Amino acid sequence: MIRLENISKRFGKLQALKQVSIHFESNSCVALIGPNACGKTTLIKSILGMVIPDSGYIYFKEKSIKNDFLYRQEIGYMPQIGRYPEHMSIGKVLEMIQNIRKKTEYDDELLRTFQIDKMYDKKMHTLSGGTRQKVSAVLAFLFNPDVLILDEPTAGLDPLASEILKDKIIKEKKKGKLILITSHQLSELDDLVTEIVLMQEGNVHFHYPVETLQKQTKEERISKAIAKILKQQQYV
Amino acid sequence: MYPISLIAILLLNVFGLCQVQANTIWIIQKGISLKKTIAQIKDGDTIIVKKGFYQEGNIVINKSIVLLGEDYPILDGENKHEIFTITAPHVIIKGFKLQNCGNSSLNDLAAIKVLNTHHVQIIDNQLKNNFFGIYLSYVQNSLIKNNKVVSNATTELHSGNGIHCWKSDSLQIIGNTIEGHRDGIYFEFVTHSIIWRNTASKNVRYGLHFMFSNDDAYITNHFKNNGAGVAVMFTKNVKMFNNFFEENWGDAAYGLLLKEISDSYLLGNFFRKNTSGIYMEGTNRIKVKRNVFRNNGWAMQIQASCMENIIQENNFLGNSFDVSTNGSVVLNTFLKNYWDKYEGYDLNKDAIGDVPYRPLSLFSIMVEKNNSSMLLYRSFMVTLLDKSEKILPSITPDNFIDNQPLMKPLPL
Amino acid sequence: MFSIVRLIVSDIVKNKIVIVYTLLLAILSWSAFMLEDNQNKGILTLLNIILLTIPLVSILFTAIYIYNSNEFIELLVSQPLRRNKIWISLFWGISGSLLFAFLLSTGIPLILFADLKLGLIMLGVGCMITLICVAIAFVSTTFTRDKAKGIGIVIVLWLYFALLFDSLILFILFEFADYPIEKPMLFMVALNPLDIGRILILLHLDVSAMMGYTGAIFREVLGSITGILIAFILLILWTVVPFWISLIKFNHKDL
């Protein structure tokens, strides 16, 4: 569904992505993990067309995304830090995006469960970080897209909201969608993910299905499995 | 059509106080030679020319007669002849349409030429497409009135003047309209004369060209859109009253060019939309009073060679520059003028500004030195320069100043 | 695209700065005509507004607005929208509001009090200068992400166009006074849109003076209908080229 070929990106002195080639299929939930500044967000933003790679190609459903923008119809994106026009109300933001997307059917489950629909008149700059995250989540899921890209989705959410979001992700996965999640908190991902991508210093360190990982390390929990693998590799 | 070709009617037998001679009226119609008639008649006779088209070459009038046109008979010079040449005194020419006189670079051919005589009256004629219009040389006590002198000159070289006066005295040039000649009215060595209520426009060079002509006055004339405006030069004691100088545009175009003029008066004139309202050079002891300068490029350009002139009680309105000069010494007096650029105040309410006004801007001096600076006119930088110069004058002459600027324009 | 333009315009209107700008311009231009005893002085005040206030406000407001809209732009870029469209909408949103403010506040008194032809020329020049300054602000902001730096750049640019460039011209004029430099100078002036606009207005405002020696050349070149057309085409180029550069840069910008 999404295929990256030899993507490189440099920000000044920092080489954010080094010849990254990777492939994501639908009906999977991929966790992008790695230390800070390893290139996760850059990778996501490259897929979204927000960052333009220095070299390499990105294909969405076998079509190059270069000079294309309509493919973003099929992506729901929840940014790490949701930044919105400060003077706009939640209602306005939703309305604006609805205008842009031009879809008539909405998946407003999160809108209701997060009770965002009750604060339509609130201005963006009055919102707490958590509420902003909720708005971001609502926007990502609102248009029932085939691909969901979630950058640190649970950071800043209270446990309850976090659970609601996780349930929603599982639900969407079952519909056969591709879900890309980046996260630091590996423990959160246990019951969600089907594939793990570990990135380090702009490289894809490994890309395994979860079962493979579990078998290799004989660990049930993903966090432990990864820790084990990293240790093994250090000693090799 | 008319079987009688020549009608001589004894109309009147006038016995004057000391005149015993009878005056005769001759009527000229189509087919009758005006020239031959003139040869036959005597002083004091009158010829009436009926409407028609006459080509008789050069007609010399050497007798004191009256020529009257009825419904403007056309006398045509066929582009090679002078039409009337008047050499006798007491001649009156009235009501003719004179056209296509010859064009020569050797002789100054004219529609009407008056030579060495006096008491001639040229009234109410229409002159069209002539080289010179009315040409006076050594003429005294004559009247040129209500003529319409129109030509279509395009270059100075191939055109003559509308009303040309040379070495004459006591002339009255009144109510004429002159268009499309080289100079509208040309005065050289003409004295004790008056130019009144004429209109000169669209002439190639000057509307009025005035040289070596002392003790004259020109009053209530209208000079508009002439190649170089009006030039008054090398003259003493001229009176210039209530004239209009308008729309004389161009590099060397002036509403009024004053060169080597002294002891003269410039009162109540109106200067509008000229590149340079008045350009003064070598002008001394003249009074410039109660004139209006409106929307000119430069209202007055006073060269350093001018002395002891008094510029008083004029209105300066909407001019790009009010005054400019090329020198640093100022020997002229400005007093009680209204300057629309004046920004002072009047605390004692005597209608005179409490702060003196300096009409000379720094930028006008810069333009005087370097013409191309006009490119920067009204740019922010120039405004800043001008303002700072106004506050702390350093380059503009110190005494270039109106100490009693008026707060309100004079009702002129 | 239209919906985004509308959004930006409504945001700008809520912003209040534009309303203050409109009021300020309106007060300046109405008082210029009402308080001054002669109409000419009012025109001169308006000339200064067009050559100073409008460029400064347009260039500063645009730069600040773009920097403050960073989040908004980011949000839009992640949506199925062409980047060109986002950037162009932003341009029309901002310049549309500023143009509206200018026409509403200055346009009415100008049409009412000034000579019609002069008034129209001044309005045209004012609009073009607004557009140009917005475009220049657009290109400046694509060169740096740092808001303070970006605002610094546009202020310097404004100073350059309003003041420094003319000083340079003056210097050249006097330094090379002995050479026939009028025509080359005309080309130089084309390098500053504010000067093009100023001379266009001068040719109608100070006809008499501009008919003098150098003026004759200006009038030949700029006074005719073709000249006015060329001048306006230059002004349009001054809008299109900077904006086009900013568009290319924005298309390759990482957010």
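A, B and C are the chain letters, set down in written order, and residue numbers restart from 1 in every chain.
As a working rule, contacts are C-beta pairs under 8 Å (C-beta built on N, C-alpha and C of every residue); 3 or more make two chains touch, one makes a residue touch a chain.
Here the structure is a predicted model, which means the values were calculated and not measured.
Here the two chains linked by the largest count of contacting C-beta pairs are B-C. Comparing each chain's Cα centroid with the centroid of every protein Cα atom identifies chain C as the most central.
Rounded to whole angstrom units, the spacing between the C-alpha centres of chain A and chain C is 43. With each centre defined as the average position of its C-alpha atoms, the distance from chain B to chain C rounds to 47 Å. One inter-chain figure worth recording: chain A and chain B are separated by 90 Å, centre to centre, where each centre is the mean of the chain's CA atoms. Chain contact summary for the complex, chain C toward chain A: residues 3-4, 7, 11, 14-15, 68-72, 74-83, 251-255. Contact residues of chain B toward chain C in the complex are 249-251, 253, 273-276, 295-298, 317-321, 340, 369-384. Across the interface of their complex, chain B is touched by residues 37-38, 40-41, 44, 47-48, 51-52, 162-163, 166-167, 169-170, 173-174, 177, 181-182, 185, 189, 195, 198-199, 202, 205-216, 218 of chain C.
Contacts from chain A toward chain C in the complex involve residues 9, 11, 45, 48-52, 69-73, 77, 79, 83-88, 93, 96-97, 99-101.
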